[in-house]
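The first chain written gets the first letter, and so on, giving A, B, C and D; residue counts start at 1 in each chain.
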Amino acid sequence: MNMEDLKVRGEIGHNGEDGRSPARTPPDQVKALIQKAMEAKQRAYCPYSKFRVGAALLVHDGTVFTGCNVENACYGLCLCAERNAMSTAVSEGYRSFMAIAIAGDTDDEFISACGSCRQFMSEFGLNWEVYSSKTDGSYVKSDVSELLPGAFELKLKKNNIGSHIQES
Amino acid sequence: MNMEDLKVRGEIGHNGEDGRSPARTPPDQVKALIQKAMEAKQRAYCPYSKFRVGAALLVHDGTVFTGCNVENACYGLCLCAERNAMSTAVSEGYRSFMAIAIAGDTDDEFISACGSCRQFMSEFGLNWEVYSSKTDGSYVKSDVSELLPGAFELKLKKNNIGSHIQES
Amino acid sequence: MNMEDLKVRGEIGHNGEDGRSPARTPPDQVKALIQKAMEAKQRAYCPYSKFRVGAALLVHDGTVFTGCNVENACYGLCLCAERNAMSTAVSEGYRSFMAIAIAGDTDDEFISACGSCRQFMSEFGLNWEVYSSKTDGSYVKSDVSELLPGAFELKLKKNNIGSHIQES
Amino acid sequence: MNMEDLKVRGEIGHNGEDGRSPARTPPDQVKALIQKAMEAKQRAYCPYSKFRVGAALLVHDGTVFTGCNVENACYGLCLCAERNAMSTAVSEGYRSFMAIAIAGDTDDEFISACGSCRQFMSEFGLNWEVYSSKTDGSYVKSDVSELLPGAFELKLKKNNIGSHIQES
């Protein structure tokens, strides 16, 4: 599977007509999320990569949190937009995530979450939605479980997670 | 230098009477920041360490951003409260930081920023203030430059960072 | 797909009889790799998670590099066994990887690489093999591309990668 | 304190004549370490930063482990040379470190360890030596404790650390 395969499979534009993990977020809401991700991208601090990314996270009560990438002279401390948005949401008491939209400066391909962000997403459930966009606003949908097959989880997590966490 | 040395040197409680890097943040504002850091701590997601931390960041126009630690089954992805607060501020367009307060569950020592957070702080200047607290609300002040002597900086950064600038 | 699905699909034990990404590493070599990963696990420095992991990486000329997890009081700096093995190989001048075996203390499930390690693997090609084992030595095979569908790659990478890198 | 201050204070070239943390590593050994760090630098994988770094770590029995930086398209996964060398040593069963030398491509200033590496160093004791070099082979010495004042340490670490660890 790659992002273009998702498109070929008819998952672009959320329709999911192949009967497999149809989008649960209404198209208007997806478009609004992508718009917010694009706005967040404007605030990216990326003097090293010059690669701007924004993300917008929809949580269970309809609130949206945004994030951009924040880089550091020590590259290993660079924080991706997706993790920024998720950690902001957690700081505000949210742990039940519905969907995240990602926007970059990629004209010709859907921007894909890196493995670290996929792992970070998986902490908050495997069945929520990830919308990867192009600059023209087109997008493909995937679920966290599709992006991180056979996800790594420590067992001890199970006993500690907050009541709002969506199970997967 | 360690945190207790700072206390011995009279820097506890912001007075700075040894003439060295006196606190620029008024004591009432420091107390309010620490209070916000303690509140943020309540939202920590730390099922692995069980070590709650909160941070409150004061930016140049008086706005305060908070953050808590957000952990992951893959420990290497755990995000500290301080970086969470800073990256949230950047997402909202702020890059000029005045002071950060840190609160943990440490009764008997001032909680100290880890090296990664010190490095992350240094990206936004070396002369702003870091207030490490105990659970009783007492605190010590340091500057980023004191916490990260001889800070690592890539030269290319120089051309990209503004005092308040939001780049695109 | 999860690790058990891989088993169900007949990929356990390298046979790949479903015609899909058959193992290229001979079974004896896989067993030797897993044995080395188990030995590396003994040297794990994991006072925080108590979760020991070892990895053994086979490079293009038959050399094997091993790694264990190395943790830190600042959890976000914890390094996984897989990345330890890969970075050791790079330090010795190798960038063309054939297969990696992972061993943990999991009796009842195959240990899975975290998203960060999958991302780190992808830097060195998408078509090399990942062997996840249980403590009894049984294993499942996957490829990096299966573990990180639609992998994130910066375009600029393409022009910079060393001559030994296997293309994917 | 910055790296130039260290030089001014007479710590360059290990002499420590100001009576403060004199070098314990003989000058010939320091030179050899720096030479190995420079060699390790040649193997850096840094297509993104183009900033090559090498490190050479001396452990308690005289063995030397080297490392280079290893970058990733997801910048947050970039691994510094220093951590690479340390994690390689741990994989080989060593946890008692004496000195580390760092070499970059900096002609006009001593290369400084980032905050993440300082934190990673502190896990293995605060009283061992860090030698930062220039391309001409000149260097300054510091101790981990000087580089990370008031180091952050989780208390639980104390009960878990291996027998070889040097106390500080």
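Throughout what follows, a contact is a pair of C-beta atoms (placed from the backbone, for glycine too) under 8 Å apart; a residue touches a chain by one contact, two chains touch by 3 or more.
Predicted model only: the values in this text are computed from it and were never measured.
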item: Same vs different contact residues, chain B with chain D, by half of numbers used; value: same
item: Pair joined by the larger number of C-beta contacts - B-C, A-B; value: A-B
item: Centroid-based (C-alpha) most distant chain relative to chain C; value: B
item: Whole-Å gap separating chain A and chain B, where each centre is the average of the chain's CA atoms; value: 27
item: Mean-CA-position distance for chain D and chain B (Å); value: 25
item: Rounded Å distance, chain B centre to chain C centre (Cα mean); value: 37
item: Touching two or more other chains - residue numbers and ranges from chain A; value: 48-49, 71, 73-74, 77, 79, 114-116, 119-120, 122, 152, 154
item: Footprint of chain D on chain C - complex, ascending; value: 40, 43, 45, 47-48, 66-68, 70-74, 77, 79, 83-88, 90-93, 95, 116, 119-120, 122-123, 152-154, 156-157, 159-162
item: Interface residues, chain B side, partner chain D - complex; value: 1-3, 5-6, 49, 51, 110-120, 122, 132, 142, 146-152, 154
item: Residue ranges of chain C in contact with chain B within the complex; value: 48-49, 71, 73-80, 114-117
